[in-house]
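Next, two complexes with chain A in common: one pairs it with chain B, the other with chain C.
Let's look at the complex of A and B:
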């Protein structure tokens, strides 16, 4: 493929894509920038990522690097935004801060170009301004970039609202309900979280998701419960757990090995939440679904038993 | 509010001398020093912590338990980058679940970016004391930290070449002077005594000794117990050990405002917590033709793991060997010694080849 024919921007379908995907895609679309999305996750992609990333990285980072690899040489530049913070006490996992530079280093010898959008409100780049600047770097005017950003953030908002709505519908359904809590890039990933959700589906259980909730509402709930938790994404998950737990017969905490924020917030949840059974699943690059199915099964047995005992 | 508190902070290298100074001199409050870190501290911490949290969380939790056992009734926990912001809240919960009764002052709660919250934090420690006095003690403790860091750097750069064993004695006397200091003159005198005593020892140092630079996460690299005294071990092999990573360089002097610009080829933006400082220091050691680099990091430390690909490239570009060490509660003295000896042999061999 010649330089001209290649899509302009490659987007890894991993990590923050599951959170901000609609926003990024709409942004590029409005500006008329061609994009290439990496294929859905697979064992092969994860294995490649595990080979490339440092051993002790979290599963999500390994998956991300696997996706980056599929894009090498197939687009002009690979887009890895850097989400650092939305303000002094509104932070992200430190890993999001480093992924752009980490990818540049891991793939240095490939000669692949990388591009980032630096969201760092503490240093003068809140999201809107960061995307404006990013658009300008791509060669558009500030005005065009601002317009694209406005439309893009609306697209994200709409998706959030839709998720929130469908969640409420689910919550009204009869039958056993399980609340799945974890990063959306774990739960929604076809190779990582999807098999777990499918498993619950097959067992005839209604699965609610802690990450499908209006972010502001969720974060407020978390602030009361755990005032020094400042990772925005974790706050949303914790808040989601708090707000949905009354509706759920059981909670499954799904996390990536060895996730920094989860190692702490999940511990706090386990210690502070009473009256609902909790199952913790930690996914890693080696073990896959082995053993997880049986653990889910016996967890559901416990729930059924408790429900039965109550009737 | 209690009339008479017994305050403790978990152990952190020898920095507790400065923390003790602030509590005692600045707030006129009794300070309980937890026992020195030991295997027991580590076990207590590990047993009661979540598995996948980084080692400093476990060690500081263990130290809090030992402080409570030693009679403390108030624990102060600091905040900082990365997960450290969240240490306090979870540690308090764990200690309460263990059944301890105590007051917990979690400075992270006051770390909101607003000045008045800093004042609220100071009042929480002792509401009746003057802020001027507290402020002065902070200033004086900062001088103590500078002296401590300068002395420590000097010590590890030279103690490997002291045939008399005097250096070690002088260093530890200095440390105990700092713990005993009650005023700025005490601090200064302790420091001057150490400097003078060091000068009196004749070193047998070759003109071009093997030099190794150490980098790593804020806790493990600065805490000799946690890193199994890596600096002393290397020095004892006859290495000039350099560590720029300390509180003075990173927080008090901050003499290098443009670190990120200098390393932009490797890292355009901060990769979190210690990353920028570490990469800059690694580059600095490499540019000064050091013989080797060692990265000291706690298991599960995110930023230190994330910079490994950067260090690998830096190592390639500057042709400087890097030894990556990950510490958890399983890491043994013997295992560490073997790896250090192998690294030393390799570094020494490279010298012979390039000469």
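Let's look at the complex of A and C:
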């Protein structure tokens, strides 16, 4: 394939893609830039990522590097934005800040080009300005870039609203409801979180998600609970748990090993939330689902026991 | 002939395999406990042979079979179980049947540990060790070997100690290096053994039991409950007495039998399984890059069950 015919930008279907995917895709679409999304996660991709990423990285970062590898040589450049902060108290996990440089370094001998967008409000680049700058770097005018950003952020907002709505519908359904709480890139990942959600589905349980909520609402709820929660994404998950827990018969905290933010917030939730059974599932590069299945099955049994069913 | 109904419960763990036969009122008609020795199918066949000898086949007929433990799926399909349940539920059901007043069940097995909280005879919450198998039976066995004693004798030595050695309890790997260091520094053996028992108990409470309100009465079971040193350590740390049932090791099998009784499914079980030949094979599916490990079970050469596939493609290949 000649370079001209290749898609302009490759997007790894991992980590923050599950949070900002609609925004990024719409941004490029409005500007008329062609994109290539990496294939859905699989064991092969995770294994490749585990081989490439530093040993001590979290599972999600390993998965990301596996996705990046699938894009090498198949697009002009690979897009890995660097989300640092939205302000002085609104921080992201440092992993998100480091992944662009890490990817560039890991694949330094491949000749692949990488491109980033620096979201760093503390240093004068809030999201809107960062994307404007990014558009200019891609060769568009500031005006074109601003327009693309406006449409993109609207697309993301609409997605969040739709998720919020469908969640409210689910919450009104009869039967046992379980609230799954974790990073979107864990819960929505076809290889990591989806088998868990499928398992709950097969057991006839309605699954609510702590991450399907309008971010502002969730963060306000979290601020009342823990004013010093450090990371934006964690604030949203904690807020989601607080707002949906009344509707749920049980909470499942799904985390990847070793996740720094989750190790703080899951601990907080386990210690502070009373009256609802909580199950913690920690995912690692295990290939078997046996331990996970046992835990989910017994957790649902406990909920059913409480509701008076005997077997 | 008017044979009365009986129920069989089998609990196949990583280290040991247990089975009981009970009647309608949960009275035990037969029981057996053997080592799994890395061969769950062989262990179950042997176990059934032993049970058959204890059991009057003219007076009773087995109409329901429950399987539990980490090999429940495989064993369930081999014996044709009427119910297959996870070990946490089975233990909760078994223990609350025999100790209806229990509030907390502590369990430490060969490879995992769990805590079950009970209110009014119903399990309301539980936790299980996450990724790490620190402080389970396997750890105690390897430390006993290092100290040159049998794991069964550990409790006896621990009780002789008046001044247990402090052993870092957070992680098995660190506990082990700490232990070696303390041996070389000249700590007496019984103090070290008592320290290991204490480390198991405090590690359990800090990891599995964290954030859980442990109320009395407390029942302690699983293989490690046979170690009096660990029992004493729990009593010291929890400041309450800890009940160890002499049949504690059978509670999972009991629970499985009781669940088989409660479920309405009835199938006549005979002991012919003993004489059949079972083979399992693992095959990489290869249908996509997940390359699932699909396990197939054959009875006398015929495929009877398979699992491990994430999607239908794996089913087609089994």
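We adopt the following convention: the second predicted complex is superposed on the first by the 306 of 311 C-alpha atoms of A that agree within 3 Å, B and C clash if a C-alpha of one lies under 4 Å from a C-alpha of the other, contacts with A are read in each partner's own complex, and residues count from 1 in each chain.
In this text, contacts are C-beta pairs under 8 Å (C-beta built on N, C-alpha and C of every residue); 3 or more make two chains touch, one makes a residue touch a chain.
Because the structure is predicted, anything quoted here is derived from the model rather than measured.
**Q** Is A:88 touching anything from chain B or chain C once the two structures are fitted on A? First, second, both or neither.
**A** In the superposition, A:88 contacts chain B only.
**Q** Touch test for A:228: chain B only (first), chain C only (second), both, or neither?
**A** First partner only, chain B.
**Q** Does chain B (first) or chain C (second) touch A:257, or do both, or does neither?
**A** In the superposed model, A:257 contacts both chain B and chain C.
**Q** Figure out whether A:141 sits in contact with chain B (first) or chain C (second), or with both, or with neither.
**A** neither
**Q** So in the superposed three-chain picture, is A:271 touching just chain B, just chain C, both, or none of them (first/second/both/neither)?
**A** So A:271 meets both chain B and chain C here.
**Q** Given the touch rule stated above, what does A:110 touch, chain B (first), chain C (second), both, or neither?
**A** Touch partners of A:110: none, neither chain B nor chain C.
**Q** Using the touch criterion from the header, give the chain among chain B and chain C with more contacted residues in chain A.
**A** In the superposed model, B touches more residues of chain A.
**Q** Based on the superposed arrangement, let me know which partner A:100 touches: chain B (first), chain C (second), both, or neither?
**A** In the superposition, A:100 contacts chain B only.
**Q** For A:56, decide between first (touching chain B), second (touching chain C), both and neither.
**A** first
**Q** Which chain A residues come up in both lists, the one for chain B and the one for chain C?
**A** 257, 267, 271, 282
**Q** Show which residues of chain B lie in contact with chain A when the two form their complex.
**A** Touch residues, chain B against chain A: 50-54, 79, 81-83, 85-86, 88-90, 93-94, 97, 106, 108-109, 111-113, 266-273, 275, 299-300, 302-303, 305-310, 312-313, 326.
**Q** Help me check something: in the complex, which residues belonging to chain A touch chain B?
**A** It comes out as residues 53-54, 56-58, 61, 82, 84, 88-89, 91, 93-95, 97-98, 100-102, 104-106, 108, 116, 118, 120, 226-230, 257-268, 271-272, 282.
**Q** In the complex, go through chain A and note every residue touching chain C.
**A** That would be residues 42-45, 191, 195, 257, 267, 270-271, 277-278, 280, 282, 284, 287-290, 294-295, 297-299, 301-302, 305-306, 310-311 of chain A.
**Q** Chain A touches which residues of chain C in the complex?
**A** 70, 83, 85-89, 92, 122-128, 130-131, 210-211, 259, 262-263, 288-293, 308, 310
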